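Heads up: the structure comes next, in structure tokens.
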Amino acid sequence: MSDAFEPTIIAFCCKYCAYAAADLAGSMRLSYPANIKISQVPCTGRVDIVHLLKAIEDGADGVYVAGCMEGDCHFVSGNLKALKRVTCVKKTLAELGMEPERVEMFNLSSAMGPRFAEIAIEMTDRIRKLGPSPVRRQPQPEAAAE
Amino acid sequence: METSFQPKILAFLCNWCAYAGADLAGVSRLQYPPNIRVIRTMCSGRVDPLFAIRALKEGFDGVFVGGCHIGDCHYQDGNVYTLKRMDMLARLLDISGIGRKRIRLVWASAAEAQPYADSVTDFTASITASGPLDRSRQTLALAGLSRALATPRLRWLVGIDRQVTERSNVYHEKTDTAHFQRVMQEAVETEYHKAMIQEIISQAPANVRELAEKTGLPVYTVSLRLNDLERNAQAELRGHEGRTPRFAAAA
Amino acid sequence: MNLQKTTEKTGSVMVVGAGVAGIQASLDMANAGYFVHLVDNSTSVGGLMAQLDKTFPTNDCAMCVISPFLVEVGRHLNINIISNSEVESLEGQAGAFHATVRNDPRYIDIEKCTACGQCRQICPVTAINEFDCGLDLRKAIYIKYPQAVPLAYAIDRSACIGCGLCEKACLAEAISYADTPRRTVLNVGAVILSMGSSVYDPSGLDTLAYGRHPNIVTSLEFERILSASGPYKGHLMRPYDREIPEKIAWLQCVGSRDINRAGHGYCSSVCCMYAIKQTMIAKEHVSTPLDAAVFYMDMRTYGKDFDKYYTRAKDEKHVRFIRSRIHTIEPLKNGDLNIRYVLESGDVQEETFNMVVLSAGLSPPPSAIALAGRLGIDLNAYHYAQTADIRPVNTSREGIYVCGAFQGPKDIPQSVMEASAAAASATETLADVRWTQTKVRELPAEVDFSGQKPRIGVFVCNCGINIGGVADVPAIREYARSLPHVIHVEDNLFTCSQDTQEKIKQVLVEKGINRVVVASCSPRTHEPLFQETLREAGLNKYLFEMANIRDQNTWVHMASPAKATAKAKDLVRMAVAKAAYIEPLPQVMLDVTNSVLVVGGGVAGMEAALGVARQGYQAWLVERGHQLGGMARQLRSTWQGEPVAPYLSDLIDAVHRHEHIQIFMETQVVHVTGTIGNFTTTLVTQDDEGKEKSTVIPHGAAILATGGHEYAPTEYQYGAHPSVMTHLEFDVAATKQDNRLLSAKLAVFIQCVGSRSAERPYCSRVCCTHSLKSALWLKTINPDVQIFILYRDIRAYGFRESLYQKAREAGVQFIRFESENPPVVSLTPGDPSEPNSSRLSLTVTDHILQRPIILNPDLVVLASAILPNENKKLFEAFKVPANADGFLVEAHAKLRPVDFASEGLFLAGLAHYPKTIDESIAQAKAAVSRTMNIVSKTAIMVGSVIAVVNPERCAVCLTCVRTCPYGIPRIDPEKGHAVIAAVECHGCGVCASECPGKAIALKHFTDEQINAKTDALFQAA
Amino acid sequence: MIVADRKSLSEIQDMVRDCRKILLVGCKGCVTVCNVGGLKEVQVLAATLRIAAKIEGRPLIVEETVLERQCDPEYVEMLKPVVDNFDAVVSMACGVGPQFLSEAYPQQRFFPAVNTTFFGGAVAHGIWEERCAGCGTCIIHYFDGMCPVARCSKSLMNGPCGGSDHGKCEISRNINCIWDMIVRKKTEQGRLNDLLDIVPAKNWQTARDGGPRQSRREELIQNG
Amino acid sequence: MDDLKSGSNLEKVLKAGHFALTGECGPPKGANIAHLKEKFAHLKGVVDAVNLTDNQTAVVRLSSWAASAIMVQDGLEPNFQMVCRDRNRLAMQSDILGAYALGVRNMLCLSGDHQKFGNHPAAKNVYDIDSMQLISLVKKMRDEGRFMNDDVIDTPPRLFIGAAANPFAEPFDFRIYRMTKKIAAGADFIQTQCIYNMDRFRVFMKQAVDMGLTEKCFILAGVTPMKTVGMASYMAKSVPGMEVPESLIKRLKGAEKGKVAEEGIRFCLEQIEEFKTMKGVAGVHLMAIEWEHRVPEIAERAGLLPRPVAP
């Protein structure tokens, strides 16, 4: 098992829906891979293109943004903005020669505990198949950027 | 005599009374049928009901437990616990259809060689009359019994029985014995049913009707017991066949 | 109005019954300056609503909606929850009651118990789980549901055998068997009864075989079956053999509208709606097709958006609605159920269903009836609290008020409205002792850490075995020691327990910790608790970050403890990295103008203005017409026969006389600015010479009660013949003893005129009751008149059903027509010389004979719809939304029925939705209570996770102005950069991410903080 | 305002292919407003370039800064302390930026990260359209506030040409025929005869055709 | 109207009141004048003058004035065209003088298609002056003998000035005014866009007549026979300002295989017949590019031969 590639994936989850669904998955004792690490934001509308690129730059193998169902955003339309930014980052990754599938947007309500687990499993499998992020593949000859 | 059925009987005799009684019977050259095989325990209280079920599973046709009379127990009240356990075991055997006649509890002091011999003779006769235990038909029941007897719930209830009903419960009162007996009976029944269901679904997922057929329980009872198992995360829904959900042991 | 000056009044109130109504009343009063004792005889608050899966008409999950309220009432400084207790007696009089309350033992210390559930797992004794209506079992030691408040277990002494096993398992040492019943005396100024209702037990109706077959369940049991926390985890299965049902039947009016067997003549008001909801939710829960059939007499979907919900179920979800009342259910061997019913065409139908849900009605709980007896308040024939229409929340005993389902069967929005109304009425007489009993949390001054390097304290929690049982907590703690800026680490069994909180406070002070990281459960539930502890240790509450290593780690990676430990370390490292960047955030205090603007001079407006004045605050009442009274001026009597005119004149007189009310007649609102607590409104008054005088009013809150008017029908020859009139015209004619009424031989009432149509797809709620009341009155003054009522559904909900019964007894004939085939009224011209000698003739298809019949009525009364008054400019001035039908849209249909989404603005009366006069009065009082949450305070606290503009970086590019969903940012012409008003910002952070100049930062979620967390995660990986 | 579009990543990468340390300079003026050269876009480009370098295993240091404007010497001056520490400087300002920087720091190499396009305004958030061609002699008042020089593909003075197609310019459905709009507005306002007399040929001297221009405000010029 | 402006054959025919017929010919994408001369041969004696397009649809071809000069040598009267896209006012005036010197007597002033349509989309266009201003320029050179900057011209060019008009392009109501402006600017004759929507053209002509334009200027109706159904639908959809009614396309589709071209010509002949009697129409401009060899047959069947020989 030691050599099998274990991706590290960061998930930006909105406090009112996705984060609550993650908690619900917990209280339902569902299980999903430990590769997913959640960073909470008040609304996916707060996730900026720079935050997503920063994650990729830091070596994230996968990044996804999980927000409310379309039309149910607690702040009216934050999730729609998030989708536009994720799409833009996908284009940038393509330009960089990286697989756009490493970045994704999901929508779910706070009652969808099982769906949250499903997403975690799906993203982990997808990134495992894609392999480690090319950003991390080459050793860094010199000191990393300060 | 040889061709007829020869029952194999396992006996647990407490060291201070029944075992001594048995020796005295030997010294006194009293005669009783040779079908009994004896295991000496320091006290009849040491006999775990699971030993009896294991014996039946392993090939014995009857289990005989001998201990001191109430009040004579070398360890004050070991035999009182045996009494409660054997009563629970008897109830379980009745519910499972095997019948309580497969076990016998006898108090015999170190001096009562003759009563010991007589009870062995009688028990051997009764087992002979009952015929061999058809293990092939009773595998599910036996498996259910051993699972049920291993549950903390039954083992705890049978142990605490005297404490709460005779001495005092945590509220410094005596729990009404009828109430305790109701709790006990309900626990024995449901744990046995749940045990059988667990036995089946641990091998392969099954639906309610299949479980009802295999366990012989009414359909609705199976549904209720399944709910208990699900509540304690021992069973879970595992897919459907058309409109019929299948249940399996929880991962 | 104040009683003997001598007896000193107490500024606290006792609320009996902690269902959704009790909670709303308690929160309203506690936030308006009164200490509340909330007594409930069960082990936790929440009442009936907590058992529901979803709620109509929005299909929101009930628990998601109610749990924030439960947490708020559980933590409120001025609400004392007295669970597991019964009120034994009440002495004294209004303003100074002494209530003796018996606290039954719980055998568990609420402060210590963390509801970790270990005791439940090993308790050997099972008992019927009442919360799941007996569908499954619970243990002798139990908690009603995971989100219960107070979040603590209880021992059911009747089941417990006292074996002591739970004490051995309880790590928090919370079990105390020595508990004994105690009596406490509460000195309160008023009492509110909100004991709610229980679901009717249909086992008495033997032909329905309830209780004899597991697949026949009551509606509440079906709700539990649908619920994810229910016996089958939300999978729809039938109890008997867990098969997924293909066909389910709902039987309406079980235990309601049934005088011969159930003894409940009234309609329970909610069963039609929850049955429709259950059909729709059931269909969503199964992947295989589900045929749902509802057997009913009248489909009573009278509330806001209810009719649309009913049409959606019928047309989109293809639910079958069959107008027939089932007598017998015949269980079959395989668990299915056979039903025989009569179609309208008369032939008998037999159908087999896999499951039958009995839409059981509501009835007052026996304990409530007993309590009412002890308190000496009058009950009506069905043991509900007896109330008058014009004083809907007052009981027969002075100082005791009632709300919710104990006042009468009703749905959640109506209960919540009445709860707020009761809160307003109860505190009216206690205005001068406001804020006398309430406690204020003494907080030490916040220590200023500016300039100091971060000194982070990390507290890792075991949460009993929930975390400690999976992840290696000591290893996590030691790992945290190695992280930058960390100067103190420790781990605890239960970080959230009271004693650990005290210990943490000392450590924070001793070690001069200026940032705190707690690695435990979810911030959604426990952040407020820890933030309060920080605040009590002198730290600003935002110097805090949580790592969720339970719900999002150990609970979901139980099978791989090593990975769970590694992930916990990652999460702690991320939290500590962000902690280094967080700054203290000031709580913005805003002072409040203590007055309320009320727009609209109808009954709702006047009751609201009077309510505010009686609470001791200034009310400005604005009416654009030239006289007060609105639609009520034409109403003759309430449904219980109370005359409206005297009540109206007393009300108008009281409004004119009260010195705290200033009235502006013929005045319109032209401009509104400001936010909650500080509105400024410009009014323009037309004086008689047509000159315009404008006045500027500062006020803290506003109530819109702009009312409605009757729809002028275009159909049924209205206007073409004097004897064709609307309801209000009938009432006016009745008051004048008009000859058209007295001499009428044949009178016909036509229902749903203009309502439930394509243009107005809503039910106007009051017309059925109005027609029944008018018909009965007409019979009294003109006994031999023959009366027909042509209807689509008779929606005389609640106790109004008695009118329907009396009308039938009085010989009124009812003919039902379908919307596609309405009655036709035509005019046969009489002798031309005779003025209006033309005769009316009416043809309608009789629903039983299935053949048209012709009547020649000399009186036709049209039950015409209620429309909202036209107020487009006013609504735009207040920036409040109106729905497609023109009615004002409330913030949340269920739990904030009188609030607008934008804070500080409230609504009442017909402008919200058509309603009877008693419901308007209740909603007006409710709005008053809601304004008191603001106006009764000198200052209010405003959120601090808000967006802030850095002027140097602002390129004034308008991006923020355009993207903010609430239109908050604006460009300040003098300052030359964007400005975001702290009080208005909702804190979503969209502008911060869109700003091209990176000029906007969302406090507590700045770029540095978010990036720090991301960098920390991938640092070590 | 001056509107610009960001150059493609590959184009920018080719410019700085051989550099190990580059400085990105944003501008808080027009390019921030049209979202191509503000501090946020500087950060986006910086992150993207670093990712690209890491993928290729090339060492690359990217520093980020932003000036108030890049069309005033004093602001450009602020780069003085650092400008020489880099192998190249990429300016994200409009075309004026890289040139002012080159004039100020002749020894450093400056690269444009954006393509400056036109003077225009935001018809909607995120959509900018050309409104002025800077011809030096404003004549929009003759055409009811619509400039044919900038907004007619052929800058006709006496349009519309034969190719006007249902209100759209012959060359593209996305471009409105400005002459169609001028004619409609004049007709609605009842001033159609304004269009009847022939507009004489335009004097292009004030436009770019007259050579690079300079604007002088004598009262401001500090002599010496 | 008696003194001739340029003395060109076309001017004389028109002024003599004859029903004029002009043709059109596209110079080659190269210097192969032999092929060009073949085309001329078809048109000799069949038309009064031949338009020579100037880089039509912004596709580079042999220049119009060169082709015109060759045509003059061949004894045919050219109708030299100039677009505003490719030359500024200096180049325009010098080319006008050049053309005149080489014997050209008729000229057509056009705005010209945007270079985006042609084969050099990357080119920089000029549009120093527009077609209207070009007409005034030529008129000034001819009648005032002065350049645009008012300098005197030694032997001013005397050209019969023509302009185009498209009655079918939006905004439709303004089109008549635009033609009025062109006539006011000095246009002596107008050649319209090829006509298919006869109703709209009748309305247009009626307006022209009512406004007395036909007194001041000769209007030639432009026609182009449809060769195939494909050509019809292409013209309808993607040629800007071109309006092809559905009825015509249906009619072409109705024709049996191989007979579509014949049907196109028959439609064209019907048009010409109507134009002959339509008030204000002074002649027909037959644009049969790449179909020059069919022009004699069309002219014959339209009864327009032999061409009148002006004195």
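By written order: A, B, C, D and E. Residues from 1 in each chain.
The rule is short, and it goes like this: a contact is a pair of C-beta atoms (placed from the backbone, for glycine too) under 8 Å apart; a residue touches a chain by one contact, two chains touch by 3 or more.
No experiment lies behind these values; they were computed from the predicted model shown.
The chains in contact with chain B as well as with chain D are C. The set of chains in contact with chain A as well as chain D comprises C.
With respect to chain A, maximal separation of chain centres occurs for E (centres as means of Cα atoms). With centres computed as the average of Cα coordinates, no chain lies farther from chain B than E.
Ranked by C-beta contact pairs, the top pair of chains is A-C. Per-chain Cα centroids separate chain A from chain B by 56 Å.
Note on chain placement: the centre of chain A and the centre of chain E lie 66 Å apart, centres being C-alpha means. Between the Cα centres of chain D and chain E there is a gap of 41 Å.
In chain C, the positions touching at least two other chains are 559, 963. Touching of two or more other chains is recorded for residues 29, 48-50, 54 of chain A.
This structure has the following touching chain pairs: A-C, A-D, B-C, C-D, D-E.
The part of chain C that touches chain A in the complex is made up of residues 61, 64, 146, 228, 522-525, 548, 550-553, 555-560, 563-564, 566-567, 570-571, 574, 945, 963, 965-966, 986-990, 992-994, 1002, 1005, 1007, 1010-1011, 1013-1015, 1017-1019, 1021. Every residue of chain D that touches chain E in the complex is listed here, in rising order: 153-167, 170-171, 177, 180, 183-184, 187, 192, 195-202, 204.
Remark: chain C residues 953, 955, 957-959, 962-963, 995-998 touch chain D in the complex. Across the complex, chain E meets chain D through its residues 84-85, 89, 111-114, 116-117, 125, 127-133, 136-137, 148, 164-166, 169-171, 173-174, 177-178, 180-181, 184-185, 193, 240-241.
Touching chain C in their complex are the following residues of chain B: 152-153, 156-157, 160, 163-164, 169-171, 173, 175, 179-180, 183, 186-187, 190, 207-209, 212, 219-220, 222-224, 226-228, 230-232, 237, 240, 242-245, 247, 251.
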